[in-house]
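The structure's right below; bear with me while I get my questions together.
In this document, chain identifiers A, B, C and D correspond to the written order of the chains, with residue numbering beginning at 1 in each.
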């Protein structure tokens, strides 16, 4: 069942430590199949060296396990909420990558200070609020998804144009059309978080990118008139 | 004698440089056997490339060598005091991992600023005081253990819930139920020390995690109702 | 056509991720052939693991593709302007290497604070201004080249003595007589940007190198009386 | 001639990039033979991938080449002055390792803020002054050696107890009884420079180590009563 997607999800999970985004099992990647409305996610707390593609767990958007012998990642309900609410996304990545986590711990949006940012994120990456005690007690991981969705709705941000969020005191969630690009977006976010922190240290007066450069770089890579890469 | 534990201790010592926690021989791991009340520790100052499992030294809780041709790590008495005083621990790790050492040199507790911290440490990781001149002269490594124990007692911290300490001007000691988890806790501490330092630089007003999130994350992974990982 | 140069350009592009200057495809190297007045550049957005020497694209100084099945790097026109304007250069490198990009985002020149800098760059590496909206709309990559040339002309900097520039809000462009040295200069710039940032943090009063040491180190390696390396 | 020492010097030079102390050829190691009063040093600017043990150059304390087809490192006269002036040393290492270079560029002594420092350096590592214009013009590398010697003499520092120096605006020189330990001391200096910079950022009031701990740690590893390592 969804064997090809399991392979992709498996490979993308292995990429997380290879690209320096996580240590041990501190992250998870899932992939969504629009036809069956099911998603595939890594099992919880399994050593990456032991993990096999067939260990991936298949879930539905009601957070039920459809196939798999192992428990899914404990963050599974957050993934389900994102797939239900952000219709065009095909993969979700969660990491505790250090520089993005530093911004999350600081409780700050990541401003678009350079073209590395603008090539991927069309404006600031928002930092979502802490969950309340009652949200935590109700269903922590599910409510985490709701707080992310609330953030994009209230601030009127298009999740396809800004495919990432920070959770205050926690870490980033990142998404894309497929697993490979979701991991890539997590790498960009990590790099941008590192660079923006030191940019502000080097020059406290440094500002976000002028809007015309933000537009230009985003549109070089995205949308109808994109001309980066091969056709 | 304790051949299996020697293998584990040997492997855990090799993990220290592999995971970037130490350079050369600047660290040591020991493992405790509750049945015999003996512990196994790496020899002092032996090149990791030459070291073999059978070089591990067996000691008792009175700091006597029970088996082994080589001198044990010079920090051996600190390990002995911890095994005697913290009854549920099965392994102790000492490193000079840079970010944790920076907090130790700064003489500051490491606050729980994010869920990466809360997943492992239930509250601040304490920084123990400098040893006095008379403690240093009496028996430096043994008294180091005593200062650690004093810190947890006086501040009423449960060493099982906060399995790490910084020694002011020196570096961390970390522990767990077994060698593999003790090394893992040392990796978490290192990552958290790096992230918290830059969090404070990015936002001088950043606070420790709200208590309900600290509780939630610690309890996701520890205690009766833990639901992280496989059963 | 230009097979040897294609090999060099291909190899130099692979060196960018190997030396930690880029992730994914966030950079490009080109090489110039003075005889034919053509240059060879990497194709746009092709995965480095798949890329072959024969994928390199041959262009002329009017930004036309002379040979190649793939689209050239989208930054190709910037390279063309540099070859046209800076007559002695044989290779151009563009990266988003983090520390150089941090200075670019901060909008600051990189002062010569040490001999590591002076061994390669004879004075500050300038930061060129943002492009205006009308320059961006006209021909972004071509005008980027023009802004670089303007910077060196207006500030009276010899591009052979200071073979690098930062573009505000963007990242560095670096050059040299050949691909190998252009990559090397990009490595030096990255290292110097990291060191100078922390030098200023450590000592806010630290100044640029005294002129006699700048001269000495630059002349040890460059010009008629150079005595570094083998004859 | 001195084949064994050439092997050691060759190996130690290769260790510099392996341990992250240098990039390209930005460093050099030499080894001294007390019997012949000659020293062996790496050739200048030769790619480490091509370099062979027999390329090492043999020099005497008057800075003359005694054997070798290649030019010695341009810093050779600095090494000669150190061997002549510091009688117990058997190897000198020069790098531009970034954290030590940052302190050199900041023009500051490196205080002993932790036991990692005290295990190797018995007190602050001094930063020597800039050379004057006339010293630079007379014989830059030879006078560099003289400034180092002057620093230790004027400040009454024992070069065996503090086997390293920073040169303002330049980088470190480090030494030891043999090549292996000289490289090790360069690694310690680099680590300590990184840790002390961030210690001061984390706690501006952090002080140097209390003298009794400095003494204890230095004496654990050095001198008659050392008890670290194997007999």
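Basically, a contact is a pair of C-beta atoms (placed from the backbone, for glycine too) under 8 Å apart; a residue touches a chain by one contact, two chains touch by 3 or more.
The UniProt protein names, listed by chain, are A, B, C, D = L-ribulose-5-phosphate 4-epimerase.
This one's a predicted model, so the numbers in the text were calculated from it and none came from an experiment.
The chains in contact with chain A and with chain C alike: there are none.
Any chain touching chain B that also touches chain D would appear here, but none does. With respect to chain D, maximal separation of chain centres occurs for A (centres as means of Cα atoms). Chain C and chain D have centres, each the mean of its CA atoms, that are 33 Å apart. Averaged Cα coordinates give chain B a centre that lies 46 Å from the centre of chain C. Contact of a single residue of chain B with at least two other chains is seen at positions 201.
Chains that are in contact with each other form these pairs: A-B, A-C, B-D, C-D. Put simply, chain B touches chain D in their complex at residues 23-24, 26, 43-46, 70-71, 74, 96, 98-99, 101-108, 130-131, 133, 136-137, 140, 169-171, 197, 200-201. Chain B contributes residues 19, 113-116, 184, 187, 191, 194-196, 198-199, 201-203, 206, 209-210, 212-213, 216, 220, 227-231 to its touches with chain A in the complex.
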